[in-house]
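Here's a structure for you.
Think of it as A, B, C and D in the order they're written, each chain with its own count starting at 1.
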Amino acid sequence: MIVILRPDATEANVQHIIERAGKLGLKANISRGVERTVIGFIGPEDALRVIPLEVFPGVDQVLQVLAPYKLVSREFKSENTVIKLPYNVTVGGKKIAVMAGPCSIENYKGMAAIAKLVKVLGADILRGGAFKPRTSPYDFQGLGEEGLKILQAVGKEVGICTISEVMDTRQVELVAKYVDILQIGARNMQNFSLLKEVGSTKKPVMLKRGMSATVKEWLMSAEYLLANGNFDVMLCERGIRTFETATRNTLDINAVAVAKRLSHLPVVVDPSHGTGSWEYVAAGARAGVAAGCDALMVEVHDNPEEALSDGAQSLMPDKFQELMASAKRVAKAVDRDI
Amino acid sequence: MIVILRPDATEANVQHIIERAGKLGLKANISRGVERTVIGFIGPEDALRVIPLEVFPGVDQVLQVLAPYKLVSREFKSENTVIKLPYNVTVGGKKIAVMAGPCSIENYKGMAAIAKLVKVLGADILRGGAFKPRTSPYDFQGLGEEGLKILQAVGKEVGICTISEVMDTRQVELVAKYVDILQIGARNMQNFSLLKEVGSTKKPVMLKRGMSATVKEWLMSAEYLLANGNFDVMLCERGIRTFETATRNTLDINAVAVAKRLSHLPVVVDPSHGTGSWEYVAAGARAGVAAGCDALMVEVHDNPEEALSDGAQSLMPDKFQELMASAKRVAKAVDRDI
Amino acid sequence: MIVILRPDATEANVQHIIERAGKLGLKANISRGVERTVIGFIGPEDALRVIPLEVFPGVDQVLQVLAPYKLVSREFKSENTVIKLPYNVTVGGKKIAVMAGPCSIENYKGMAAIAKLVKVLGADILRGGAFKPRTSPYDFQGLGEEGLKILQAVGKEVGICTISEVMDTRQVELVAKYVDILQIGARNMQNFSLLKEVGSTKKPVMLKRGMSATVKEWLMSAEYLLANGNFDVMLCERGIRTFETATRNTLDINAVAVAKRLSHLPVVVDPSHGTGSWEYVAAGARAGVAAGCDALMVEVHDNPEEALSDGAQSLMPDKFQELMASAKRVAKAVDRDI
Amino acid sequence: MIVILRPDATEANVQHIIERAGKLGLKANISRGVERTVIGFIGPEDALRVIPLEVFPGVDQVLQVLAPYKLVSREFKSENTVIKLPYNVTVGGKKIAVMAGPCSIENYKGMAAIAKLVKVLGADILRGGAFKPRTSPYDFQGLGEEGLKILQAVGKEVGICTISEVMDTRQVELVAKYVDILQIGARNMQNFSLLKEVGSTKKPVMLKRGMSATVKEWLMSAEYLLANGNFDVMLCERGIRTFETATRNTLDINAVAVAKRLSHLPVVVDPSHGTGSWEYVAAGARAGVAAGCDALMVEVHDNPEEALSDGAQSLMPDKFQELMASAKRVAKAVDRDI
């Protein structure tokens, strides 16, 4: 922790700060510059985080030296985390996993048809929402447990892993019973109650980045999961909110390399939400693979005109097939497989 | 709903769209321009929202004519909503209510001292967090129910209304038992499960704007509350996330006038979070009053150096006193009282 | 300057950095923490800015201690700068100056009518664009020198100061000949050639904040003006670009207090561009005054339906009159005049 | 153009709007919905753009149907523009061109060494700044014409095309004399005087996207160039400004596919500025290629520790070699060459 003082800070101000930190076991190192005095503290920095040094008289700025996350960091664990799923699927290894399926689970027949199709085309994990976070209370909110039953049954029939979103602490146990991966959506990335609850399960979990979350905040939310005992965590970049309106979100491709450098956790890219339009999904998927992601999540629907949500960004099967073919070639070019 | 077709859209595309909308009871009005054909639909527009027209062949853009919110809109209710609270406090009338207190509830003695102080200085509502949404799992998470008991006891002793945040669907009943106003925090603005649960109580609620939520999304989240039966809703502008780093957030002062124009609900301004630094809180409070807000929420602590959270943006009692004095004068200048 | 090393930095890395900085006359102060080593440099920090320390082996982060601006800072000059203009108008003193007029200068008759009107209503400075920065090459680009002649003649006739935008280094001399204040527009805030050219004139200048410029960058652009010899500089907050689309820009009301704290230069608020809609201009103006601005800039047109640009955010004379009346009351409430 | 009226708009309001548009040769098509009346106008939409319909009584919103750009659009020219440069280099064809070199031109010897190196490693175009847009007036501003002479001499000696930035209308002729491609920097993307001046030359030009420019605004700035007679225009995505601070900018990978869909102009990706850190440049370059860009621009320096600007994002030769090798493989995977 580094404390930069104001030009008019007094010696008493300096002593007051040092004393307070000293009680917490920190040693001060003072640099008296021409214009400013700077104090560096050595010792258990976490201790200092509980004191709001910014409000101490004479303080101008307080800078953190250490990253606030521990368990998710590369310093804590240098090798990549590889998450093991049923059907010999892994996320985080050489093979890039593909999650595909409709936005919402609508009915058994439709789900089974899409599941077969995406599996044949190379998908490893079937996605589908049973509890849907919808901006409007008047929009379709998902089938709930009925949807989860469909997802589980289809997964078993087709022989494919499953993922579905959990939105409420009270649903965690329920959703965990039916699926292989719990998804925490972008809007709940800082729903800390939910993070704690999901962190205390043993289910693999995919944590979507909040639409205005920094990479640091995203990692801190992942830290909640690990700190509560769940180490099978995937990070999912799904586009951030910016001023640009030509696309629904701005896929932050930089975040893939940043997250891979700072953390050992696998990184998923969701080009469907990351672009918001079926016309740009394949380009986003290829870019994600080229940038080093460990998995892709893609919305696929065999009849987007009838989809109950997010039709505009769903790929028709033929487009998904093209995406898989081109993503596979890019994967090879970066020494990965799909 | 207006559908703009691509330049190469065919007559068959046009007919396909019209037919599909016709089944939902909508009448089409076609404008064939030199370069583009445009279809306007007349009838129950909500019906159309379930069809993803964007993916229909030949479609370029789909534009909504009607706002997606109903109950929160000025069209639904033209006069301002005035929320009645204990101790004859109202929010939404001529008098601008002031909510003040520490970020977190820390102990009875401290809370009582601050409560007396802010009441004497003119505050109407005592704030204090018992369940705290903290970015880091290692930071102080609040006293929980113990904190709520302190808040309630202090409120009764001092004779002041109380507000505290609820973060989890499972806590709604508990928190509602102890406080006069439930607060939904910025990070939970689109926690739709929580919105539904709080919407089904009878407690007044303050809905903070998400840090990257548009005014429209904020109103849609409020719509969840009203649609579930709770009409005693206040909107709270607390700063949005932008590229600017000189302040913790960017107080969106425009949002006050926009929300007041579009909705009948009262608007609260929180300059503490809106600026993130005690040096700018008073300016933000005055700006909020000048722009037409119905209430202020301000963090006050009598010893910020010992605060367990958000010390940097907490006002010392003397600064809060100054803020009240200057805000009062500005309130008069816009024909309001504080 | 503070250099934070990577956990795996070697002693040789540390020595390499210290040696290099030593050649520039800087003394190093090393803190060896448990997890990280941190080097603080004491001496002429500017010297270090030419070395890209970020790329030195072993370096993780480099933090600046001192602000990069000098002449614009409060440390350089603690009292407020007051700019003197013709007709005894000042900007930066107790009286809040008001700049008003149409977006573009359209013709003599119209301009004279508006000038008389805004002067009667209390405006001190007449605004009007002769060179217009238009997003589209097909939109009206302004009357050029003809417009400047009109502005000057009207200013003299009515007895009011004038301001107009300069967009091109080749026009600086020309525009300076006709107006009392040169305006540098938001899109040219980092047109450094223009800044140098305007900095070398003796004309007062108003520097608009770029739509995605941080306050620090804005002050650095002002620094270009002062460093080239022109100290009569006003800063103008005119809204920043964010994700919000309900308003054309987001008026950054925080920036007023931040700029006033960091700099001695006067701060103007432009609620017309800051909101983009006539319905919100008065609220923005009042908020600006309440937050401590030194001047307002407002677009006024007596017939917005016929305006050649920015009609949507122009006030009709009756609305401008209301704005003046209410801004005046708020000014009094913060011990200022209008 | 579509005009949506307020719920309380009168028949007189409607007639007033229709009359005014009728005078410009537009035919109105009125849809009277249950809640709103909507008017669609057919005819030369450009005519309408000069009337600020937003301010007409009764108007709620005005929506543009047609894109405001013409010459840059795919509708105007469906096949890709291919720009021909010396040494048989093209931009926009099957081969992805690579621009590489230092941020600033520093001296002949260094420039020649880097030029030889990047040419051997496969670069087609040598970059180097002679006029540098620096945030601080105290930073190195470039060698000016001396730098251009060095660039030209090195280009001829090594046999490589050259590109350099032009910042001032007065420098356009000068810079055009020395280089093969004029660069317009991000900060000047809406310097319309400069756009007009560069548009009236015959030199190929690369237009960088402004850091907060929408794709639409970027295309409108390109339209200025084409409308003034210069059709040899490349668009360059170099990262946008967002809330994220882990990287200097956010490379908007979506913008590549969006720009390629809307326009026939070639798209360059600059991962050096797009990420701001040498550690992420290669990932950004590969993502750009995978997303469909036509050229890459990369900062390379053989001694970043001594670079006079942007050292932190410059690649050492060995890292550039790795980038070229991996980008080449990705290019093949998307049926392109490097």
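Following the convention adopted for this analysis, contacts are C-beta pairs under 8 Å (C-beta built on N, C-alpha and C of every residue); 3 or more make two chains touch, one makes a residue touch a chain.
Worth saying up front: this structure is predicted, and the values here are computed from it rather than measured.
Steps from subunit B to subunit D, taking the shortest chain of touch contacts, total 1. By the residue-number overlap criterion, the interface of subunit A with subunit C counts as same, with over half of its numbers used by both chains.
Our note on geometry: subunit B versus subunit C, Cα centroid distance of 31 Å, whole angstroms. Rounded to a whole number, the gap between the C-alpha centres of subunit A and subunit C is 38 angstrom. Mean C-alpha positions place subunit A and subunit B at a centre distance of 26 Å.
For subunit D, residues touching at least two other chains, in rising order: 212, 241-243, 245. Note for the complex: subunit B touches subunit D at residues 2, 4, 7, 29, 31-36, 38, 40, 42-43, 45, 63, 65-66, 75, 212, 241-243, 245.
Taken together, the subunit A residues at the contact with subunit B in this complex read 20, 46, 49-52, 54-56, 68-69, 131, 133-141, 167-171, 187-188, 190-196, 211-212, 217, 220, 223-224, 227-228, 241, 277-278, 304-305, 307-308, 310-312, 314. Subunit B contributes residues 212, 214-216, 240, 242-247, 250-258, 261, 274-275, 279-280, 283-284, 286-292, 326, 329-330, 332-334 to its touches with subunit C in the complex.
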